[in-house]
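Order of writing sets the labels: A, B, C and D. Residues in every chain begin at 1.
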Amino acid sequence: MTRVAVVGAAGYIGGELLRILTTHPEVELAAATSRRLRGRQIDGVHPNLRGRTRLAFCAEDRLDHYDVLFLATPHRETMRRMPEFLGRADTIIDLSGDFRLRCADTYEDYYGVPHEATALLGTFVPGVPEFHRERLRTADRVSVPGCMANAGILALTPLAEAGLIRDEITVDARTGSSGAGATAGSENLHAERSGALRVFAPTRHRHEAEISQATGLPVRMTATGVEAVRGVQLLCRARLADGAGERDIRSAYRERYADEPFVRVVAQRRGLHRFPDAKILSGSNFCDVGFALDPESDGVTVIAALDNLVKGGAGNAVQCMNIRLGLPESLGLDFPGLHPN
Amino acid sequence: MTRVAVVGAAGYIGGELLRILTTHPEVELAAATSRRLRGRQIDGVHPNLRGRTRLAFCAEDRLDHYDVLFLATPHRETMRRMPEFLGRADTIIDLSGDFRLRCADTYEDYYGVPHEATALLGTFVPGVPEFHRERLRTADRVSVPGCMANAGILALTPLAEAGLIRDEITVDARTGSSGAGATAGSENLHAERSGALRVFAPTRHRHEAEISQATGLPVRMTATGVEAVRGVQLLCRARLADGAGERDIRSAYRERYADEPFVRVVAQRRGLHRFPDAKILSGSNFCDVGFALDPESDGVTVIAALDNLVKGGAGNAVQCMNIRLGLPESLGLDFPGLHPN
Amino acid sequence: MTRVAVVGAAGYIGGELLRILTTHPEVELAAATSRRLRGRQIDGVHPNLRGRTRLAFCAEDRLDHYDVLFLATPHRETMRRMPEFLGRADTIIDLSGDFRLRCADTYEDYYGVPHEATALLGTFVPGVPEFHRERLRTADRVSVPGCMANAGILALTPLAEAGLIRDEITVDARTGSSGAGATAGSENLHAERSGALRVFAPTRHRHEAEISQATGLPVRMTATGVEAVRGVQLLCRARLADGAGERDIRSAYRERYADEPFVRVVAQRRGLHRFPDAKILSGSNFCDVGFALDPESDGVTVIAALDNLVKGGAGNAVQCMNIRLGLPESLGLDFPGLHPN
Amino acid sequence: MTRVAVVGAAGYIGGELLRILTTHPEVELAAATSRRLRGRQIDGVHPNLRGRTRLAFCAEDRLDHYDVLFLATPHRETMRRMPEFLGRADTIIDLSGDFRLRCADTYEDYYGVPHEATALLGTFVPGVPEFHRERLRTADRVSVPGCMANAGILALTPLAEAGLIRDEITVDARTGSSGAGATAGSENLHAERSGALRVFAPTRHRHEAEISQATGLPVRMTATGVEAVRGVQLLCRARLADGAGERDIRSAYRERYADEPFVRVVAQRRGLHRFPDAKILSGSNFCDVGFALDPESDGVTVIAALDNLVKGGAGNAVQCMNIRLGLPESLGLDFPGLHPN
């Protein structure tokens, strides 16, 4: 059994890691930390884990050494404490934003503070199995992308690689409330957030930089909070390169994703479900990708959806762990999602 | 024009008072206080009032004297400051819990603290036009009932008055999230509260005591938070007195409510809408009341619904003000609610 | 009193017309038709109107002649029956899609059927008070725009008129479920539609053609169903013409909307509510418009929100009626919307 | 591998059976029937199963013989066709209502039609592992209880068995929209059902009879549709027998459920999650049970929650199958549910 620990386990990403890891057949969850809730039973905070674990949250100074250490810690704090974390595990899987961007200037540009561990910046392998599987097999440091970023990377990279996209991409991202985390603020009050269509980032969202870094294309992204707890959906608009068409798009996706366990290219012609919708993906590690061509122009609209806490975070991180440990890649990640839900 | 002010106007009940008062043709909103947000534009906090008022929240020490002063202040604080408030207005309309219960012991029993202004306890007229209209015409001190309490009082008092109910009543109350107010706490986080069926008061909810006081009958109430921002629905179970039947119930309601502008007795035989539902009452001052008899027993189930911030608070308070000022009782309260919504 | 009738009053737009007209001080609702529900009490279908009207739905052959006739009838049927309708009223206010587009070819292109009353096409005045007020004062035939179209027209026309937009506009429209109407289909089942992010029109939505017609600019629109009953929000992306900037946009909106009773330009710098959100507009006739500039490019994002059944339909139609009848333009339309909601 | 088939697989209970069975390691899903959708790909209707099955719905005349046949067929039709079904499988697991009630008179009383297969009535073992596990090990005919019924049976039977309840029980049941099934009707339209608190069965709901049969006590149940797609919560009120108290209740539950894999007795003293809530149970096979005593009386309130399609249907049915086949009882049922959700 692989001994793993989760730092920052009281939050939503942390809780999702606990859900998956306590069900995972090859893993022993050895510790879960929370400064705020140390000493409290995990299942009092994450009630879905009743009967699954008797563990209590521990203080961070109780950590010893683990095979794999998952970091669900805030940005800034993560880069400051990374040297300490690196001494505590063979493999670090970081879910914070601090090591997603390779370039310190871009980090400062989007996070508004200078990077404080630039020497480590290049040393993390992107937690994107679909594009970095080989490196992940031996990676000791993994940085998992942001939830909206991962949807955008999976939606757009195959088209960018194949040279099918001309110039800029615009992304309209919609996200549920769990993406804002478990900290209470008036903006996250149910009465304020329920039924909202809240444009909270009209420009310059941090995940925009990740999509741009992965695709090598300029990206303009807008982020709107919609009525959902889980779920991210991206609607990406681009222009096709000269001569590119539906067949090229299909084959670009097929080449990349035909054998991928967790990316599904949705190609229904009709019906309720012909485009990806996060509604049916809650709890699952799938990212669904689909597209539509504008008959009147060279425009293409790519739609991607995932559960922000699973394929957009904890599930994707466990998929990376499975690869690193040489386990079957889908182990512990086989929940297909619910319909209706 | 009547000069009015609202103390504690940044909360949800306070905001609802502002909505109604800024639309009311016979009223001038002279001041709205908020300690936390003083100096901030009202419409920055209550965006539905954009273009309706240029007023900013003022500090409470800026209050002068008004024709009517509405108190949307927390319990305890309200009874402590009541002497000060009484000096600031001809008529006080209190929406806090402090002067709803006539008996100091019952107050302490349900609020967990001793009452600190017992001398004033008896001096407030209940803000229930349907049962205290005459006294309200001349009342200088009005105490508006709690949201769930008002639904229960309107649902049950006619039956209790007519002696149609035997022994105890059980009440299952369901309420939306706005009832918890505008203060952020993890229990009110959208991700935690959305879609919840949260039994937050299995016994001894404070509004239980108000219903019991009004009906003179023992009441056992359970309160559950349901997925809604606004809206309260009560499902009240009782046994009919010997010989009582459907006709008696109908006539008890008819006698009491035939001429009431804001209580509707729902008596459809069939269809989606045959029982009261708060869904269609958002923003309206109506309380809908209906009932069903158990063909197999002497049991009756009474169902009542209202908007907790309107007929359960601000709208009901303005109705009391209209009566006190000798204005048409429905003035400023004619919004019928939305379907669908 | 003006005698008015509503054809197709059992649907959601029809019901909203009834809500507004039964509260309107200068109007007598003389008839409301429904083939499907003729003979049934209106308030059995639209329960928010309990106590507001004792009218029952009548068959269409019972119609006589009215001052104003509102048509909430399906497209195709409307153009076929228009000659009959024209004989039944001094003023026709049509809420169907049949007379919104001036060009028969565009109609066929977007509706997939040839227009069957081309001779009448040019004879309807667009029901957009903000841009056609003078013509509406004397118009006997008014065609009210589609819900998403009206949001787009109000968001973009001032910028287009002022020559501030270069080339194409992309529009990402989000809409609640009431836009689909009251007819039951599996796609509108609660279990399927609840929490959905359903891209139901990736290209070529009919309202796209209306926005293009009004602004004179090419528009590419995508429509997504989101979790809401009411509400439309448009996120419009465009590039600014050379040299154009924030000041130009502000003044373009100010010139157009400074005196408009129902368009609010939202210009908060910060806070939850700094961009338009349909959440607070349910039941109100406001369209809120706001915008954000991309600091890194010449891109502008314009955001507009309204209640699809009010400013996107029935409320806008009544505003047109008020203008036509020389009544105060806001009569019967003063509900400000709710916060929270 | 056990060969299984599902009759009526296009509905919500049928789809949930497909979700669980296609993930179950010891089962081969051999056929799934739908009259309405025969020939259509399963994952076009249940999109969560994309990549999980290539099966299409088949016509019922294509059925051959199976180890286990699951019936997700309407009541009435099920009893009429039961002889045919019995010939098609070693074990029948019926999820319809037709064989839940042992007494034909009670069936007619609650279903409004006479039972048409009375000879078979006694031959079905109740699909309640917690109380009929031994009989289920050899049962060839299993009748799974209704969703609300199962919550009530699990909540109340231990107390009834231990003689802790005096006289009648009142049950207030709340249910999500998926319980109404996948057939479109105006009552299930999103715009009508969203945010509703719809009392659809004030008395005499069919599941009431099942709870009464299992507990041997008179039950008065009310059923309300609440805003949720999945989930049932029951709030059960009863009076304790003389001398009975908290300790007796705890030990009654402990004796019954200490070793049960899918019943969790919730006994937190405080916090958001101290009473059962279906919100965290979507997709899981758990039934959570908790209770509260009235300090002022002999009243007890028992609260139970489950996912109506899983422990209230398909999951419970698969648990019965696992028992019948001698497999580990939790096989294929280990999903813990999501928090937040």
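To be clear about the criterion, contacts are C-beta pairs under 8 Å (C-beta built on N, C-alpha and C of every residue); 3 or more make two chains touch, one makes a residue touch a chain.
In UniProt terms, the chains line up like this: A, B, C, D = N-acetyl-gamma-glutamyl-phosphate reductase.
Since this is a predicted model, take the numbers as computed values, not measurements.
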* To do: Work out which of A-C, B-C or C-D repeats the contact pattern of B-D, with more than half of the residue-numbered contact pairs in common.
  => A-C
* Looking at A-B and A-C, which pair shares more C-beta contacts? -> A-C
* Report, in whole Å, the distance between the mean C-alpha point of subunit A and the mean C-alpha point of subunit B. => 45
* To do: Measure off the straight-line distance from the CA centroid of subunit A to the CA centroid of subunit D, and report it in whole Å.
  => 35
* Could you grab the centroid distance between subunit A and subunit C? Build each centroid from C-alpha atoms only and quote it in angstrom. => 38
* In subunit C, what residues contact two or more other chains? -> 12, 178, 182, 186, 191-192, 194-195, 229, 277, 340-341
* Structure fact -> Listed in rising order, subunit B residues that touch subunit C in their complex are 12, 15, 19, 22-23, 44, 46-52, 178, 182, 229-230, 264, 266, 268, 271, 273, 277, 280-284, 286, 288, 334-341
* Asked: Which residues of subunit C touch subunit A in their complex?
  -> 170, 172, 174, 186-187, 191-192, 194-199, 202-204, 220, 222, 224, 226-228, 231, 233, 235, 237, 272, 275, 277-279, 292-297, 299, 301, 303, 305, 340-341
* Give every residue of subunit A touching subunit B within the complex, in rising order. => 12, 176-178, 180, 182, 184-186, 188-195, 229
